[in-house]
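Accompanying notes for the structure given below.
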């Protein structure tokens, strides 16, 4: 036993089973629910979009890493981004736009900033914002869910759009919104499926429950204060998807739980303001991007309470 | 009162000087590396904008317009701004060195900051009343400060990032500005 | 007629603007001169902010010089000192002559002879390695060759000899700033006067630990032969470290007689005396 | 004399300003008429797109109403309208037939709508719908009018329609109020 | 190389105002949505820069220190106003599309910067060379930008009302965000990195 | 249970981690290790000034004889751990800091001849006599930090200590030495506690044991009820969570008080001692024995994990051989537990006063990725720090700012690195940061 040189490594010599790969594949697992919903409601074309998105995202990441002479790792983060990008796009988006989206999300929003962990803005949402502004014309076709048992009750307009009308009772409308029987972005319509995915993330301690709760809660409360139907406001549009999957992205949100709560409340306020006063029908994407921009400032000022500092500060003040 | 608020809000967020109006870009990229200097610069710009708007408005409406020499507005406005900035700089430099180090060194840059002359032109083009002009300047200045602050926070974090070499520094700041601009689209139509 | 009025009124705005500046410059107190002087002095400095002068940066040094010119005379900026023309300019500006002092250069007291006995897998910096069992070589005083010194060296004088796994200094480019001395967790680099012809390339500090010496095939074995064969005072003994100290006297016999051949010649050995101007400041 | 001493800087600055003002006054003298003419020409060009047979026009500053003349006869009226679009104000020129009962047509003067979406309001396919529409029938079809909104750009479409409607009421419904844009 | 040539060349690549000095960004980015604007802006800018550099290098010996900046800026503003009036009179459409960015040349950091840094320390000929060089650098940069933005942002290329070129298939769905401010940031940021990558300009 | 609910609700920060406890030797009784042939005794086995050597090569020494005297107040003497002849005075690498320190090598004569011991009745000793006997016996903290015990027992007059906490948490995985000691010798531990309580005239004490050691809890409870303490002594069961045994965490868990940053337990009126230290104090006073041996677990990839009572200076290889040798996969030797223990360069490294465990294991080397800002390190840090920020700052050599992030508050517990999905060796960065900060002269 003396011949082999011993390994000299720093402590701790024991590591947990967390790994980036594990985190990302768990997110993908959670995303399977809303993704399945997207395919069920909007048809197999969504599957095509997913394939194109994932493939192009991975290839672009590979290319970027090669150009930067950095090791390429299949850590799954590009796949998460690619799936989320498809889920926030209209279900009949042209495939070339999906490729452009991958280019923006992976090449611009992620690799230009340094790759996984260094990006400031949520790549999937940055790409969505970019393509919707750029190709607004090509992306304004919304379709009704193909399997909708209630399809004749709602128009093809998305629930938050001005032209949305419905002939259902309120209760039926809520049910349609909760199950996902309305038109909208591919993966955002079914609050139920997103909730299942979100609970998986919470159960594996990947995200903090505070983020979705404060985000959705703020929207409900503020909408109610401003005289809107709070239940409708939280179920319609992409709020659930944003709250569970995007406002909880590690990289682009604050580090501490208190910071995350500030982020969530800020995003909630912004969504409501954008929906009510802005010309955008929906504000989830922009609210998260805006709060992403504030994240470094939040992190700078919101630190955990340092052990043993409570008394010190009081003394210093006195 | 309500209208004043709208003018302020519109200038700060919707028509943000940097992201929507393309004014004051040089200091935006030049002075946003550190939060401390960004805040100082932002405050200095805000102050100069307020004072310049308050001074140029009466000059325009009580001198230039009555004599029909609106064409002189560029010359007169910039003369007033340049002199003002110089006086303020001198005053700070000689009375309070700490304040000068924190704020004063940015003052000379402000003379050549398009945002300041820009806001006086905007006041004239939009036919703002005196108070509207002042609130517009306050909004524009606050919007400038806000975006500068956000940018500096981001750039401080990017310091620690593995940004590709060719993108380090200003190029990635431009890319960030693009994404920031996209996010600020959220405020579109809100006035 | 109308034109005259407008011209008058508008130029009075110009006049008023000028007047305000004038009044302001008269009314306000005078500005602090020393800051401006420091800024002027700084113009002459190399701007490397290396701290070799003993001040945190070039501007701090400039302030000190502006405050008291003798600071420059006594401890001229060591980097500027390498540049005769630049030196002259600042001397002329300040109207004085800087003292000519023999500068210092760094040497690394290790031959790299000790081998690694474990597989080190921690952070690849010397500082991190010393946090675990004095690094990973058999000799606990040895150079770890992970280059902390290389990273801090402002002129690129320090490099790692990949063959021998030891840091080496290029005296032509070393400016004697001493940053490597502070950076090295093993305490291997040392600043010595630039006219010293030789140094001992070992840092094994055990007193008479002869068996321990087997750990390195090259290292000093504390035999004192160099001291014995050299003239009185040419070699002194560092009792604390149990190692010889060489001075400006050239000790050829010692170099020859050293059983481990661990006394290394410097550039000054060949050139007899290197003409260097520099700082006498002790650094580190 | 030391150029930095005493009152000289003030005098110098004043002199420079005087020279500047004189230079500008001279330039202004040269360009003044040109500019006025250029502005008039621009208006004429603008009006001519709606009234191809126009020969000259009159402008009433108080009401903001242009009267289009051909051979001395009025062949229609025009006025400016403003709508609040998706991303800011939309300036519209509205032309009405001489009887003031129906539209000659409209033209978008400035707009910042989203390209590919709201910006389609400048396309003939949208604008041509306004030709000959009665002044009381200007409305989006979903509100019972004759104008079909651009799909996906309801905000921009209705901004144009509402702007035109408001201007019609202002200019024709009760012509006493003056305003300009 | 004559000093004229040296001063002229410097502004084009080594001290390119847009890509190296990062000055005068506002007009560059704001009006680079079409080639027309770029050309108009360059013309106005070069005129102001050259004329002010010449004037300032002529009088800098006389200018008292205290009012240096106000004097320089009044001279520049006058020149700008003259250009502005001329454009309004003779090319009204261009004047309209340049909007407030034309009078804002007054405070363009490059103009005052050159006045301060160069013209006030050099002779007339060198100052002129410097101005021409910087002006050319500015012109090239803004033309490049507007070329890229117009081509990719609209899918076609127009010059003073003449249609030059359409990318088939692309013009229905151009990257219209490039015509917005964000697009300019993206293009400039990418170009900056590209120039560094190619070694034209230095890394930070 | 209650705290667990709060933690799940996120209302209480569940600092710390739950590594698998792997207490392999928990059921193996302590075994006396045979005398080694030679011992290597570094002259610095404690925090503070190194001891000064008193012997020369060739000197004959007996067990318990002082071979090096304390080099200052914060220092401790070193005693010979076997009888025999001083063979060499070499330089050895400290198994804690790795720094080269002087050492003494003694060759055994096989006799195990002791010096004359001077037992005493603690009830008859004054507090100062107790402290000076503890000092003379060379007792240092055996929980790992090796801080000289007599210093802890001599608080400055302005501080009052009102609670003694007996640290039997043993929160690190694998280690079983304290557990066995509490099961087999509860009376020595509690007698030591009584002595300490007397020395400081403290009336209250807690024996803290993690809830995964039911046997030890039962034994200690039984012993507490048998002994008649003048004060109030309680066995306090603490939840199993690493680093429960760190004294600041322990004080906070039991007393609900936070030791101020940069402060000492005595600032909140507490004194924490490891169970082994207390047993050694009992031996020193009641039996008059200086500190020459300790209970040590040898565990991990050895054939049969065991607990030994071994003399200081015994090479690790000798103890590993007693366990039937190590697995051929093993390529890492650690003194201490897997979380805070220190990797040793050679199997010949000798155990010292602070070595509570010899862990043989297979290295688990992982490629370091970039931080993905998951916040786990922040969440698990028991000291409420931002560990990832230390990494950023150290990587960019921005050492000045480390102090703003309270780097010196870090106890190097390794919780942050344990859970980091990017496999960043955070503790290594932190150590470098602290080193550089010391260089800058910041305390």
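Per-chain numbering from 1; labels A, B, C, D, E and F assigned in written order.
Definition applied: a contact is a pair of C-beta atoms (placed from the backbone, for glycine too) under 8 Å apart; a residue touches a chain by one contact, two chains touch by 3 or more.
These numbers were taken from a predicted model, which means no experiment stands behind them.
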For chain B and chain F, chains touching each: A, C
What's the farthest chain from chain D if centres are computed as the mean of the Cα atoms? F
Taking each chain's centre as the mean of its Cα atoms, which chain lies farthest from chain B? F
Cα centroid separation, chain C vs chain F, in Å, comes to 41
Could you give the separation in Å between the centres of chain E and chain F, each centre being the mean of its C-alpha atoms? 70
Rounded to the nearest whole Å, what is the centre-to-centre distance of chain C and chain E, using the mean of the C-alpha atoms as each centre? 46
Chain centres from averaged Cα atoms put chain D and chain E apart, in whole Å, by 30
Among the residues of chain E, which ones contact at least 2 other chains? 66-67, 70, 74, 77-78, 81, 85, 173, 176-177, 180, 182, 186, 193
Counting only residues that touch at least 2 other chains, which ones in chain C make the list? 6, 10, 13-14, 17-18, 21-22, 25, 117-119, 121-123, 128, 131-133, 136
Where in chain B do residues touch two or more of the other chains? 69, 71-72, 75, 79, 83, 86, 162, 164, 167, 172, 175, 179, 182, 188-189
Chains that touch, pairwise: A-B, A-C, A-D, A-E, A-F, B-C, B-D, B-E, B-F, C-D, C-E, C-F, D-E
Show which residues of chain F lie in contact with chain B when the two form their complex. 370, 392, 395-396
Over in the complex, which chain A residues touch chain F? Could you list them? 1-2, 4, 6-16, 18-20, 22-23, 73, 75, 114-118, 208-210, 250-251, 255-257, 303-312
Taking the touch rule as given, give the residues of chain B at its contact with chain D in the complex, in rising order. 69, 71-72, 75, 79, 188-189
For chain D, which residues are in contact with chain E within the complex? 3-4, 8-10, 12-13, 16-17, 20, 23-24, 27-28, 30-31, 34-35, 38-39, 41-42, 114-116
Of chain C, residues touching chain A in the complex: 116-123, 128, 131-133, 136
